[in-house]
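One chain, chain A, links the two complexes that follow: it is found with chain B in the first and with chain C in the second.
Let's turn to the complex of A and B:
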């Protein structure tokens, strides 16, 4: 490349750089602040410390919230992804009447603000508790059921995309070679859906793990998720402990994405 | 191994007819091409043989056994798909071994047969590649190998060459034909490319709008087409509408009088079919000379030259070997008068039935 061409591309490269910087700024800031010594964040810091991590660990609500969030996210993913996958398969293959309407309905949770959905669910749960005469709000089951709602739209979208991208002739080829319908599904269709399912699991897990608004009214004492625990803490104190907790959260999600990317290329699937 | 018999096979979707009726007997080891424009029902016919489409009428017999009701996996056909339809997540070896696995062939024999068939299609050394790491031609050979390895009773090819570039197409055509003959495979191939059909198949079935127009060898179809559609679809042909006035005298609707085979055909409306290579040309003395045609355009194609002519309002195409440089024909230019001649027997009379296909 000639010098002039390099120069012409310079503004474009700067723009790309600026976009990346903008996206990474909050993450980088939080991670940096988590090691500042000062309780009231100031720049430059008077020193660096890992005390906030120790403090976060010492406060049981964060550790408990972390475990609860993991539990809820794992359960919601395990329930929601199979359901969403089955729905996507039916939508693409079964030639249902009203498939378009069903598809819109399944994607609706994306369009409704989570705070609204959470409030609605809370009211619904209260009514259901009255009818069923048992606790639903403040229970793990109630929280998981709510989070399943978060996983469905992602799963339906991603699995539908991978199903639509496959060559259906491959299924016919398998049948032609002697495979019975279930074998065709297991050996050809399911592998084609696999990248979609893996990506859906990842995104479902992250959606649930990071969700604050939907959980806000549904958690109970001792059953607080990590984002809710962080918000509670924020009501009384502002110090880098939260940044430390957030850093742990960010690292977990990053590791999940990196591991997943080893199995399916996320950039190509989503 | 076996024969294939289509007995009055037809397919309707509601009131729409995809395939009207196909009767066809493919003998053991024979290669038959279903040839026709898109939408003629040839692919539907092939898919009825494979079992992907259930016929609404008729029966399909493979090796004498009625398989009309059998699902695809129980039919013992080996099909090569237009898109190749390879399993994208499996290696070349796993793709090819799939059919053997379904037939519960033991591992050792499986590996042996996969090796043999890959050698046959010249893909040794690519066993562990994934389909997306192969070129189009290589993918096509994997598809062939995958269908061949199970020794299917009937070998089905759905436009197998349409995704290859022109140069490769010619090579693969010869390869497929050689394999088919060597292995004695009973084969049905679908194509819209007449050259492909003419060069590969023992017999051709020309289809149009769900109906079989003619079944025969390449020579039969070219030299004795049954109707104007076949004459126009297989090779190039001048098709002239008009009527037989007297034995051997055909009057085109434009008024031109064309000599034709005398025969004993009844007088009346007909279509005259005349292959362009059967028309001989000579320079005519003067533009006004009686019975002379006018040259509209000349296209030089190297070994051949195309002459676009008009005889009393009837357009005609003549294709001749390019004459030597000193031949007077070489000096012809558009607008010149030309005298045309042909063997009367070369001009065939076909029954005039409505057709929207124009030949030439």
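Let's turn to the complex of A and C:
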């Protein structure tokens, strides 16, 4: 009753509307402009076209940036999610001394500003290059290692949540019925962790794909990620070509979310 | 089983803790225009960052923008979160995904969207020029207002999702009881919903404040060349100024101030919540 009464009030409705408009307006604008024919935006447009997408793919920095970002995100997710899952399992199940401190450490990459972490890592890589006598900055390995750092806190957080929500009686029942510990893990515990692991993979991949700040100093000539390529372009102008690139990223994220949502309800994992 | 925590722990220690220790060490070095960096143990970089009027104003701008954006995000985010939490139809999970979506799209894409909307040749100016309302483009971009709008849009999803999770835990009956006893909707909100949602307000505000303090892409793209916040200032020292020790000192000042303010902020809100609880129960 009261909920409904509040929900009907005009000021309340306006605030909700404003919040959603603010969140969605930039995404909607960039998608709209990407199909306008005019290079200099005008309303109404003189026509619609998909040429800007062809144009964007023809620009090497965007095409290569897209491929590099896909590579980095895929590799970082494949490394970070298993590591984070193992850590989350140990944190919840093993009675670790200092579990609180370990969990703080694993979540720390979220608390440190990405620009600060990126510069620190850049300094560290330069020092390591000197000791090891090999390139690390502006290599794929260096970039992937940095992005693994992004995937760990998300994985630990999401998998921990799915483990904490699990009823341990199911495991005990399986063990009492004669299942070996590994079978219990494979047939009971792992399925319970599955939604957390799937959501963690989605978040890790996207967080890595869209990350700008951590990569800024670690990318090298010829190996730029898509967000860095977009930032460099945007510092001079915004035009339909860039809008097309941004739209491709928006669509990629949308597709990943829809596919994931078929396996686990995203709305319930966050 | 405890060993399972080691790979991830070692990785974070190696790739985050060790580099941060190194960065701190660098912040104590001296800058030399010819050799770039000289080993030393001096607080000079920190003193310069605090004493220099330019960097003091950068820090104040960052604090003001972060505080303002956090308050705005709270004001706009609370109604949206309440609406989302009290939704009962099958559209609820869709609405949640709509909130989550802009968050996952990334800062650069959203900044590009604001440029396309607010820029001199952007959608708003193009429309107004087209229908002849204005003769020259309005200066909608490259000012503090544009940066704040951009930041609020970036952090709103975090605020809404954090608050919605807490509001969902508040039983509807509490609100109904208050309103059955004659409380107006706004009174119910102020005296019942808000106090019970305080832990969510604290968690959401702290999370959002940290994100605001660390803004990079939004500040660079929507603020223009003359607007400076801390994170871009740190980056500039490493790339354009090549003054690594000073850049490192700026980074640690940003980190420390953010950390101190979030600890104090959440402690203060937590105290208020506990006092409220104590009042209710006695």
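Throughout what follows, the second predicted complex is superposed on the first by the 243 of 270 C-alpha atoms of A that agree within 3 Å, B and C clash if a C-alpha of one lies under 4 Å from a C-alpha of the other, contacts with A are read in each partner's own complex, and residues count from 1 in each chain.
Throughout what follows, a contact is a pair of C-beta atoms (placed from the backbone, for glycine too) under 8 Å apart; a residue touches a chain by one contact, two chains touch by 3 or more.
None of these values were measured; they are calculated from a predicted model.
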Three-chain arrangement built on chain A, chain B and chain C clash or fit: fit
Partner, of chain C and chain B, that touches more residues belonging to chain A: C
Touching partner for A:94 - first (chain B), second (chain C), both, neither: second
Vertex chain A; arms to chain B and chain C (CA centroids, nearest 10 degrees): 90
Which of chain B and chain C A:176 touches, first, second, both or neither: first
Contacts of A:188 with chain B and chain C, given as first, second, both or neither: first
Which superposed partner A:102 touches (first chain B, second chain C, both, neither): second
Smallest separation of CA atoms, chain C relative to chain B, angstrom: 18
Touching both chain C and chain B, counted on chain A across the two superposed complexes: none
Contact footprint of chain A on chain B as seen in their complex: 50-52, 71-75, 77-79, 81-83, 85-89, 98-99, 102-103, 146-147, 150
Contact set on chain C toward chain A in their complex: 1-5, 7-9, 11-13, 15-20, 22-23, 26, 75-80, 82-83, 86, 92-94, 96-102, 104-117, 119, 121-123, 126-127, 130, 149-150, 152-153, 156-157, 160-161, 172, 175-176, 178-179, 185, 188-189, 210, 213-214, 216-217, 220-221, 231-232, 234-235, 238-239, 244, 247-248, 251, 254-255, 258-259
Residue ranges of chain A in contact with chain B within the complex: 167, 169-170, 172-180, 183, 187-188, 191-192, 194
Contact set on chain A toward chain C in their complex: 1-3, 5-7, 9, 12, 15-16, 18-20, 22-30, 32-33, 40-44, 83-84, 86-87, 89-91, 93-94, 96, 102, 105-106, 108-109, 111-117, 119-124, 127, 145-146, 148-149, 152, 156, 203, 206, 209-213, 216-217, 227, 230-231, 234-235, 238, 242-243, 246, 249-250, 253-254, 257, 261, 265-268, 270
